[in-house]
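Report on the structure given below.
Chain nomenclature is as follows: A, B, C, D, E and F, assigned in order of appearance, with residue numbering initiated at 1 for each chain independently.
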């Protein structure tokens, strides 16, 4: 089946982002398709690449990025949520003169149209917040 | 009186950070002293400087930084919260090879000892979460 | 050693019930943010002891259109007075 | 058109009560994260209709030491089965 | 009430939004509204339900400026502009909170649990926050 | 029970922590613990109270590894190592959740509302999350 996943929660502060990651890994492992990840609201912090995590703890942002790259997943950070939270790709960082990108390149900054598209083209949309 | 303020909440997702900002502005206006701001947990996102906010909306991170600079306030971002959330000052960014700082220079990355110190040296500690 | 208790979530949070179980008679309560919704329904406030002063933040009530619905038991205050209340009480206990 | 309802907050959140007011007879409920605390107290589960299947995420129960306390009404499942349940139901309604 | 569309049409689905959070205290009300407007822009069939604390979003006379916010009540008036006509408020939620329907913005249909049940059952997708 | 210290001693205060949140689902339990340990390191008098959902932190047999987390139960056993001896659990919270004191980690004193009232009244400072 085709799944899309919407993530509303920042990593670490609640378990939701970690649950979403385990869910995403599991559905891929079972041979389902992950049509799109959509990071919304505080969820955009999951795409931040400037993180430093202790060696004995899980680095959720890095885990997301690895999963996205390994399986070539379409991953979207909602632009209106991301800009005000300082999660920028290189294009947005350049446009606003803010230097380097703070988001992993594995995700793309885009609008809510991508969520509507995911709703239309997925068999299941699962929300984690 | 000497106040310290502890902020646990990220900007935008809840009103708490905005309430804390209004409270801080008001106490300073009344001639009280703000001994320390302590950003903890998701609260560290209040010190992010990579933000782009629409012109008709309040840029909370910028407002914090302006207040801190204008009144020379001692502002601390908790190090263990900040690193895993990608809020880094130049020292931490250099140490971990992550390029530019993502935190306003007006705040300093430090440990929980600064919260204990604030507890000892403030007449009132007010929590916003 | 009186305390000012702040509550910033709506009645659904049950924070007021929790706070009332451990509040002392000379303490006060300040509702702010979504906490101000406590002030428009008498049943929410009826369990608060007479001796406990009850305040609510005017800015938050204006934003939410609850100021005119707020019950007499509650005194509407601004943020400046919130700071004053923190000074008058020996500590602030935040329920969030 | 049956739905899988997920609940990820503790009983204090009252999410289960809310969900039960609008649930359909052939729907199912999955408790995860702090939602798994629903499963250790029979009174939390008693209002769920017989026809509604009840699941709880094993990983979250193991972390919280609630697996051995979990009532018979509840089937412990892993994340792989969670994915399977999403396929078996026509949509997923998340309560958080 | 909009019901599930024919599944042979992959460009249109029926999406039910349940908005359960008070305005201003968190951004959940805004996130829910933004998603619904995006769905309407892309011509999806939308049901919008105010439930539990979400009913507070409908109170007349809101003034977000008092806390440097946009007024959410006005934003909701735009639902009709985006051709979202199936807007409902849960009667029991109003009653529990001591709010009379006359205190609300106009053009909202009163609904009870049974009807909400059907709005969930008959939708292709439910967003609930 | 630790009571308010003499105010002529500015290097020591009595701080009551109220930990009201379940473990793992959010990081509030961790934040509360981190603050208390910091206070203990700097030799403050600490009371630590588990209330409401916070009592779940005390269940024996936790295994954070099941969700790639550190086990919070073990962390709590370190309270004693940091000389935090005034550790309490609310009896009513246990009863409401159907938990027997025998199911908890050892060395926790049972407490009722009156005593908690006094722990709040007699502290210099209360952290409550």
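Everything below uses one rule, namely that a contact is a pair of C-beta atoms (placed from the backbone, for glycine too) under 8 Å apart; a residue touches a chain by one contact, two chains touch by 3 or more.
Because the structure is predicted, anything quoted here is derived from the model rather than measured.
When chain pairs are compared by contacting C-beta pairs, A-B ranks highest. Chain B and chain C have centres, each the mean of its CA atoms, that are 26 Å apart. Centre-to-centre, using mean CA coordinates, chain C is 29 Å away from chain E. Of all residues in chain D, those that touch two or more other chains are 8, 12, 33-34, 59-60, 91, 94, 96.
Counting partner chains per residue, chain A has residues 8, 12-15, 22, 41, 57, 125, 127, 129 touching two or more of them.
Within chain E, residues 24-27, 52, 67, 69, 124-125, 128-129 each touch two or more of the remaining chains. If you check each pair of chains against the touch rule, the ones that pass are A-B, A-D, A-E, A-F, B-C, B-E, B-F, C-E, C-F, D-E, D-F. Against chain E, the residues of chain D that register as touching in their complex are 1, 3, 18, 21-24, 91, 93-96.
The residues of chain F lying in touch with chain B in their complex are 10-13, 15, 27-28, 31, 34-35, 38-39, 41-42, 44, 124-125, 127-129. By the touch criterion stated above, chain A contacts chain F in their complex at residues 12-15, 18, 22, 56-58. Interface residues of chain E, counted against chain C in their complex, comprise 22-26, 52-53, 56, 59-67, 69, 71, 73, 97-99, 103.
Partner chain A is touched in their complex by these residues of chain B: 10-13, 41-42, 45, 48-54, 57, 59, 61, 83-88, 92-93, 96, 98-100, 102.
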